[in-house]
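There are structures below to look over.
One chain, chain A, appears in both complexes that follow, with chain B as partner in the first and chain C in the second.
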Partner chain A sequence: MTGVAEISAAWAPAGAAVLLGVAAAAAALDGALAARADGRPLRAGVGLPVAETARLFRQRRRNTVSADVLLRWIGVGGLLVVALLKAAVVPLGGAVLADLPTGLVWFNALDVTVWALVWLVGWGQNSAHALVGGYRFLAQALAYELPLMFALTAPAVAAASLRPADIVAAQADLWFVLWMPVAFAVYCLALVGFSVWGPLETPVGADVAGGVLADLSGIDRWLVLVGRWTLLTAGAAFGVTLFLGGGAGPLLPGWTWVLLKTAVLLAALVALRRRLPALRPERIQAAAWLGALPLVLLQVLVVSVVVVGRS
Partner chain B sequence: MADLVFWVLSGVAVASGVAVFSVDSMARATYALAASFVAVGLALLLFDLQFLGVITVLMMIMEMAIMAIYMIMFMGMNPALMPMSMVHDKRWAMAAAAGTFVVLAAGAVLVPWPDRAGDPADDLTAAVGEAIMGDKMLVMLTVSPVLFATIVAALVLALPSGRYARLGDHLGRRTAPARDPEGAGR
Partner chain C sequence: MDLTARLARAAVARASVLVVEVPGWVSTRWAAAAELRRRGWRAATSPADADVLLVCGAPGPRLAQACDAVWSQLPGPRARADVVGSDAVGAALDRAAAALVDAGQQRREAHGRPLEPVMGPPAEPSDAGDGDRHQDGPNEGGSDHGDTDHGDTYHAGSDHAGSDHGDTDHGDGDMAPGGIPLAGSGGEDRDGLEMDVLSVPLGPVLPHWPAGLLLHCTLAGDVITGARAEVLGPADGVPTPGNPRGSAPDRLDRAATLLALAGADAAATTAARLRDATLVGDEVARLAGAVDRLHRRVHRSRLLRWAMDGAGHLDAAQLDLDPCRSGTVHDRLVGLLADACAALGGAPVTRTPTPVDALPTVLAGLEMGSARLMVASLDVDPAAELDPAGAA
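And now, the complex of A and B:
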């Protein structure tokens, strides 16, 4: 019905490679902009993901006293897994790895899993700063999660389906971002929130000595850093699916459009990052519950009225 | 294949359920409980109840992530930061747990399950909702916002930093000193 076919699971490694590649490109752009801001040559920053990977792969793992190794390991390894599982339901043009009828709820369940994982990383290290970071993340999650849930509801109501492929198909005439801008804006903020990134990265902030990253080293630190970048990338790709028409576009095949739009959204987020202040969890609660939540509820109401009026 | 998935998920659910009481850390116990619930949620997928299965996973992880905070904050003398036992009154707890298990398991095994009459509905989630709620659907839909409003109202009244505690009977006053100043005023 929607022209989207599930492809063989043998493509999964290729999909994972694409996700990691796009995430690395975003990290390289971020490094380049950071280098320019510091007055260093751009080239010094572009190589950041590769240099950091090489450095962390050679670094010995540092262990804290009586760390809860099992829980730390679950949290550290889980973030990348969650990002991969999120990316699996994103239709790349006419192909998707997992064509779930409830793909939208699947995505939502996975971003709630991040709650548990980030806290487990913070707890597992048995280190005060890491634990503070873990608690900060849960407080931040309480602010962004409900607005995010209703922002996800808007496209689902408009498409009358929870299947990502149907949501893309419903945008054939008009991209959802054009008539649900509030939902898109809230989605982008929440995306930054569950990726522990940009203005919402106080759980790993310098003011708490790196927060959940405080006592991570070597491969553990690499996995968490990569987990954050891939969560951002998978979230951006899902945002393209929900609001920016997915693979719709002239001339080029659908999958190129998905990648292009994801790259543009990521680049915009990376460019904006340097212009925004850090938002501490306790400062955003009021704005989230008293501002964003009613606004996004109104957005869902508008969408529902339009849908009822159209049918 | 479905049989294998069922047995693996059931095994995980029971094993992590046992772990809840045998580990010595509040964090491990909470997340063992979460793992047990997640396995049950995933088992729902075997009934083709995709929405219910995934939403169960979502709710349980969210709930346990918050629950962990309270468990660590309030359990035990040393706010659960040190190793501690997860059981009290072992003998009676054991008897109650074993008794409950036997009653429930006997029910599941001994009840004469009916044969399937007719075909499964197209939308199983909607059909389950109808079957459980039926004509009480409207009541349930009304009760949940009322419950939610009650929780929010209770919090607003009880919060030490809320306006009722700060302003007392003089809610008309525009400002009052914050008990716990935020941001730059800190």
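And now, the complex of A and C:
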């Protein structure tokens, strides 16, 4: 009924390659914009993901005294795994790796594991700045998680399903972003929050010497950096599925539309990033609980009333 | 060209440099920042993030010891450059790049390094016999001797690789896994909960931090409950290149630091580029216009004001500081940019620097991020304190 078919798990490596490719493109755009701000040509910064990867692959792993190596390793490696598992439920046009009837809940559950992973990276290093970074992430997550859950609820209520493919099909007439803009805005804020990125990157901020990244080097640092970019990319792709009509669009095949819309959303976030200051957890707490949460609850109420009225 | 060499070339295109400024050599650091921007390199946030350690100026014995401790924490491939004059920076970074690419030399050097992290030197001088080192001591929030023992390290605890020498003088080595004393308990947090208490030094090697400042902090979670400040000075007998305090580049540099700590990348880059432009002697009228635009942009930004002002309002009169320090961090940032405009207009304003001894009182009770913004906004000048004559 929805025209989405689950494809063989043999396609998983290709899916991972697409996710990493789009994430690298976003990082390249970020590098290009930084180069332009520095007064150098745009193309001088495009090679940033390649140069940084080469640098970190060459670098030795650094250890700290009495580090909790196992916990640190779980956190460092886990972020990329979570991003891949999130991307698995995103329908790419007519194909999806895992057509879960509860795909939305799957996404949200993975999102909560990020709490543990970032904290473990911060805790496992046995280092003061990394620990402060870990504290900051927990406080930040406390601010974005509940608004995020309700923002995810709105499209699910409208589509009367938790299955991403059904949510895409329910947007055939009208994209959800047009009549639930508050939920979309809150989703985008939470997206940069769980990706520890942009204005919500204070857990790795310059004011705490890199925070949870403070004592990571070599492949460990690469995995966390890539984990953050892929979480952002997977989150943007899921946002396209929930709010921007997924693969809907004229002429081109569905999968191109998903990639195109994801790229546009990512580009908008990257372009905005440099203009926004860091929002530290203690600053956003009141805004999240007293502003975003009531607003998104109102949004869910409006959506529910519309759905009941229609039926 | 083989794969290893290509990887090395690609890596050096974006080398990461940890810049250490010795009090008095701010002009050398500025030259280094301009050079990094020209090459497309970047400043490191911590020793683990760095490929190159660049020491600007001639450090005194304790600061040199801190630099050595940080050097031992660079993961490698690594290169070290010590420069004094600002004209030597370019050549020193060229040599560093060549050393990073030289795989054979890096391999030989790595061979001699210990596999396991080693303990670093204590942050306290070895002869600090002032008798206030009590284990699990009462947390004297805000008092001068906030740290309970000399269990602190040079690079802000980010190096438990270079942690302290574990309280051997207290005979409780069995309670110090890996030589690190356990976090003390009993600190009362603001909300009345009992918190673990950590002794953590901030500085002297820390990006966006006043040169040579070492702040021995007591942390409860991420809140500073007490602190003690000291300044690690330059080597004796080496003439410093003069102190440009109050000049347009000095004001712009402080504004850029503050904006970088606040995460406002676009504005921080603009301020840093304007600083570099004033140094190479761009047309003053054009610069004055650009600084004025930045000043108005920062002044107008409500989001930036809201994001920066976690530390609240400071009353300068109460703390016996220059009256211009009253207000919030954002007010002081706007003040720095206004001073830069005035200096470019040919009417520089003289401000009394905030003495480092005032910091512990101001910082007590602040979250670490707010504290960093506070320190950067207060116009602290360790070089002037070491050499009062040079500040005039």
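Going forward, the second predicted complex is superposed on the first by the 311 of 311 C-alpha atoms of A that agree within 3 Å, B and C clash if a C-alpha of one lies under 4 Å from a C-alpha of the other, contacts with A are read in each partner's own complex, and residues count from 1 in each chain.
Keep in mind that, in the parts below, a contact is a pair of C-beta atoms (placed from the backbone, for glycine too) under 8 Å apart; a residue touches a chain by one contact, two chains touch by 3 or more.
This structure is a prediction, so every number in the text was calculated from the model and none was measured.
Look at A:195: by the touch rule set out above, it reaches neither chain B nor chain C. Applying the stated contact rule after C-alpha superposition, one finds that A:100 touches chain B and leaves chain C untouched. Touch criterion met: A:215 reaches chain C, while chain B stays clear of it.
Of the two partner chains placed by superposition, A:299 touches none, neither chain B nor chain C.
When both complexes are overlaid on chain A, the residue A:135 reaches chain B and chain C alike.
Contacts of A:262 after superposition on the shared chain: neither chain B nor chain C is touched. Look at A:116: by the touch rule set out above, it reaches chain B but stays clear of chain C. In the overlay built on the shared chain, the residue A:108 is in contact with chain B alone; chain C does not reach it.
Of the two partner chains placed by superposition, chain B and chain C are both touched by A:283.
Chain A residues 135, 282-283 lie at the interface with chain B in one structure and with chain C in the other.
Within the complex formed with chain C, the chain A residues making contact are 34-35, 37-40, 44-45, 47-48, 50-52, 54-55, 57-67, 126-130, 132, 135-136, 199, 201-202, 205-210, 213-218, 221, 273-280, 282-283. Residues of chain C touching chain A in their complex: 7-8, 10-16, 37, 40, 45-46, 48-49, 51, 73, 75-77, 110, 116-119, 155-161, 163, 177-180, 198, 200, 206-208, 219, 221-222, 260-266, 269-270, 273, 301, 303-304, 306-308, 310, 367-370, 372-373. Considering their complex, residues 25, 27-28, 31, 34, 50-51, 54-55, 57-58, 61-62, 64-66, 68-69, 182-183 of chain B touch chain A.
Note for the complex: chain A touches chain B at residues 68, 70-71, 74, 100-102, 105-106, 108-109, 112-113, 115-116, 119-120, 123, 135, 138, 141, 145, 162, 282-283.
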